[in-house]
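Each of the two complexes below includes chain A, the first together with chain B, the second together with chain C.
The block that comes next holds the complex of A and B.
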């Protein structure tokens, strides 16, 4: 009953619903910013429909035969007889053909489509060679040089890349890399979803969570009802009801915004047939070093864990703003105090010397945690390369903030109300 | 006057000032310090910076064809100097590399030669070789200035405008693109910081009194509702002070980037990557952007003031300011400050947005004042 009343206080102003609508609209705009890729992406969806996503000998044989058919067609429509084209891209890049403009529009479209298929076919053929040649030691060295690690920090990077090498062997044994997926080097769908959309979601939710938590907790002080409510029989125990109400409200807001954004994303971009593709597929690679996840995760599992981590990190932010609220008693101040903590948390690791392992330790904070969401559970980030980075950060801070929140409740029971 | 001064003092409360300063320091560290600490960033940008400054000493802000010939001759002399250096080194003579031409093509594939090459470029970092690289790219962009200009303006169908520019001399101006871009980044980020600061500080102007139920008292005094106007003036003055302080700090820090030599150069230099609608010198552009920042600060103050009066809870105040800040930040980094009057957006759009924002700012304050005059005090 009381909790319901606490929740109703949030609805006295339309702020939170309006903010959610604004953020949802913003996210939909971000989601739509890549719609020009849809046609190219559908080529892969069709390929997977025909051959399945697993790359094995049978599949490659069939794929190769079909591809040769396509090359034949390319030579058939090619204007000059004197030249044979081995790949669609050769015709596409042939300037004389482009200048003479002999192809019809539908032929051009088909040719472009075959050009995309060629990319997939070529990449599929090269996977084994590529993974044979991945040299994580030299990756470690180039990262050490790029970020300027020295001393024990540099050794730590080398050690971690050794560990990652073991995982890479396991990944190759499992065949996780040999699966068709949207080609990351062309479309960067992994970064698009988990980095740009993910970051937008994380920061929007952060704003909402801090506002809701602070507004619920400070309500009595801001409405001059504190002297009445906190002296009643239920009295200061209300703070626990407020915490629970804030958790419920935050949960609802998270589900709403994440739900709308991800629905918009998956309704716009067709991932049918790709849900079970391992996230470490070579096709997902965007950088020279492909994504190497510490566990064998499928795309849908990765999305689920991603959402989970996102929500748990918001709970951490809720804990922080709850503590701030108890001590500052003013939503305006809490909001900007939180902004300061955020900035400090992001800057903190840069204060450490690049020669000590301290620089890695400082990344175990909830604000640095959310900066590279697309690398969660991956062995790709130099500072957060540890397999257990996510789980350790979350557990340590849940524990610390649990203590902090309990202490602030304890303090609240005894503090002055003025 | 005294009341306005009291209101300003209330806005610039030490707690809020320290909060805002802390946020500004963090913002500076995250988004601004890089462009101050690392300018010009690396080689050969630093060398280009040096060479172009010499050019301005020699040729003035523009380099005409005759002076370009002179520049080429200087280049040849530098090439000879590089040759002299190569001949003075036994390891290079041994490897058969004694001229700059040979030096340039030596590093392809052969590991031993590659090492020698890197010794000059990276280990020892001999200036003359880097400067030669800069001079080459300057010569290249000078020779291609017209083609580049037409390429950059391909989406604009106004050949008379283009012909005028090509015939004029501004394409001869000496202004490296990274000097302009550095300024552009800095002023954009500063504009965002100023807008946010103004919104945070001015946003409290009414809501604190409302929260303390002080408005009831204030509106029944002799001055009464005219206090609204005084608060408007106080807020605008505060916005002006904040903007001036930040711009002052910015200019002081920016002077450390040493842009003085380029201030008179036209933005349409042969090295320009961004073309602008107006023919401005770099200094004029700096004035223009600073004016734009003041304007935006006043608009932000007007909006913050209006919201501060219209809502009665802090959560609503922040909740309403967040979307407005997001939109303003997006606009600032698209065309309101960043690349102001650049050809990526039509000119009427920039002017229209500014006019719209100004009208909006004035209109919300006037309508609020009309409402304020006769509304019930709850």
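The block that comes next holds the complex of A and C.
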């Protein structure tokens, strides 16, 4: 009854339901911003439907044969007999074809589609060579030079890239890289989902979590009912009911917003046949250095862990907001104080000397943690490259905030309520 | 029995209450003092919102803070500023507070209907409180304080916002309730407690000045209160010489009630002191009262 009432109070706070609707609508708009890629992306899902996603000899043979058929068709529709095209892209880039406009619309569409298939075929052929040439030692040196690491910090970067090299060998042995996936260098679907949509979700949820937690916790002080409620039999234990109510409300909001956003995403972009593709597939690469996850994770496993980390990080923000609420007793002050902490958490690591290991330690905070969600569990980026970065950050802060929240409840029982 | 032993309350360097010793048994206790005398601080300590800097508050021999839920279970409290959820109906708000007071839904339902009838709000049980007048809100506050049928009922300025009829009804209700419980009624309005309080606690300079029955307190001024008729032309001079308690303007003269220990003049009529006389005499130098006396 008490917790239900605490939850019902939120529905009387119009800002929160309105924000949820606004954020959900905003996320749908962000999701829709890449719909122009849908046609190209469907080429890959069709390829996977035909050949499967695993790149092996048999698959490449069949894929190669079919590709040659496509090249034959390209030469058939090409104007004039004097020139032979080895790939669809050659015809696509031929100025004569463009000038003379001899191709019908359906031929042009088919040619474009074959151009996309060509990209996948060529990339699939070059994977082994590419991975043979990855030199993580020189990557480490470039990173050290780029960020200006010196001394023990530079050694730490070298060590971590060395460890990553071991994982790269394992990844190659497992063949995790040799799987078809949306071509990252063309469509950047990993960044789109886990960085842009992910970041939007994280910051939207952060705003909601801080507001909900502060609103529930401070409700009696902001409605001048604290003198009556905290002198009832339940007394100051009511703060525990409020914490539980805030956790439930935040959980529901997280499920709702994440649910709406990811449903919109996966209903718009067809990932059928790709759920089990390893996240470290070479095709996923968007930068010169491909994504190297510390564990062999499929796309769907990565999505699940991503959602989990996103939700746990929100629980950390809830803990911080709750502590601030117990001492500040005003939603706007809590929000303002939280923004300051957020700024500190993000900026503090940049003040650390690049020669000391401190620079890495300062990144183990919940605010720095959420800055590059698309790199979670990946061996990318010098500051958070550690395999255990996510689990250590989460565990340490769950422990610290658990203590902090318990202390706040203890303090609240002894606070003078005016 | 509720007992305060040497209770002192400080806020930083400011001492709000010093060495307060009080005992409350069954009956109505009027906590009488002007605003700012420390009544609310004392009450907030009695309801566990504030904690004494020094001393102890005991209920039946045990510290009220260590009794925790057991103590609050027998406590009813109406704060000076009674807050409410403006979008709630009194029924819904009382239901929430009943849950906080440990009542189950069935007994809460029955008790809420009973109490809303008692305070004369049975017609508006399902109307949002944002449409209520100050008096109606205060009546909701009185109802919530009695939800758990408390053995200790503490009311801080409960008659604020009530009209005379409502005040009379409220006093009747308190008299009815006072047989088997402690009622502590804090007020700066003498008439609220004069007729119903078994004992009056008067506070001055952060400590207890009187803690006695109304008649005993009144007797402290016995033989010192007079009334006389003074021509308008002499009023100023009279005011300079005597401590005036009240003045009433009649057609040809001013009827003045005053206090003095001088030999009685034949034109003066000795009158029986009232609690109002004591109150005005005691707080004569109090800034809050200055406007009322002069």
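Observations
The definition used in the following text is that the second predicted complex is superposed on the first by the 418 of 418 C-alpha atoms of A that agree within 3 Å, B and C clash if a C-alpha of one lies under 4 Å from a C-alpha of the other, contacts with A are read in each partner's own complex, and residues count from 1 in each chain.
By definition in this document, contacts are C-beta pairs under 8 Å (C-beta built on N, C-alpha and C of every residue); 3 or more make two chains touch, one makes a residue touch a chain.
The structure displayed is predicted, hence computed values, not measured ones.
Touch criterion met: A:226 reaches chain C, while chain B stays clear of it. By the touch criterion defined above, A:5 lies against chain C but remains apart from chain B after alignment on the C-alpha atoms of chain A. By the touch criterion stated above, A:16 is placed in contact with chain B alone, chain C being left untouched. Of the two partner chains, chain B is the only one touched by A:215; chain C is not. When the two complexes are overlaid on their common chain A, residue A:330 makes contact with chain B while staying clear of chain C. Residue contacts after overlaying the shared chain place A:238 against chain C, while chain B stays out of touching range.
Of the two partner chains placed around the shared chain by superposition, neither chain B nor chain C is touched by A:315. In the superposition on chain A, chain A positions 12, 224 are in contact with chain B in one complex as well as with chain C in the other. By the touch rule above, chain A contacts chain B in their complex via residues 12-13, 15-16, 18-19, 22, 26, 207, 211, 214-215, 218, 222, 224, 330-333, 335-337, 339-340, 343-344, 346-347. Those residues of chain B lying in contact with chain A across their complex are 15, 19, 22-23, 26-27, 29-30, 200, 203-204, 211, 213, 311, 313-320, 322-323, 326.
Chain A contributes residues 1-2, 5, 9, 12, 220, 223-235, 238, 414, 416-418 to its touches with chain C in the complex.
Residues 44, 47-51, 68-69, 72-73, 75, 77, 79, 81-85, 87, 96-97, 99-102, 105, 141, 144, 148 of chain C are the ones that touch chain A when the two sit in their complex.
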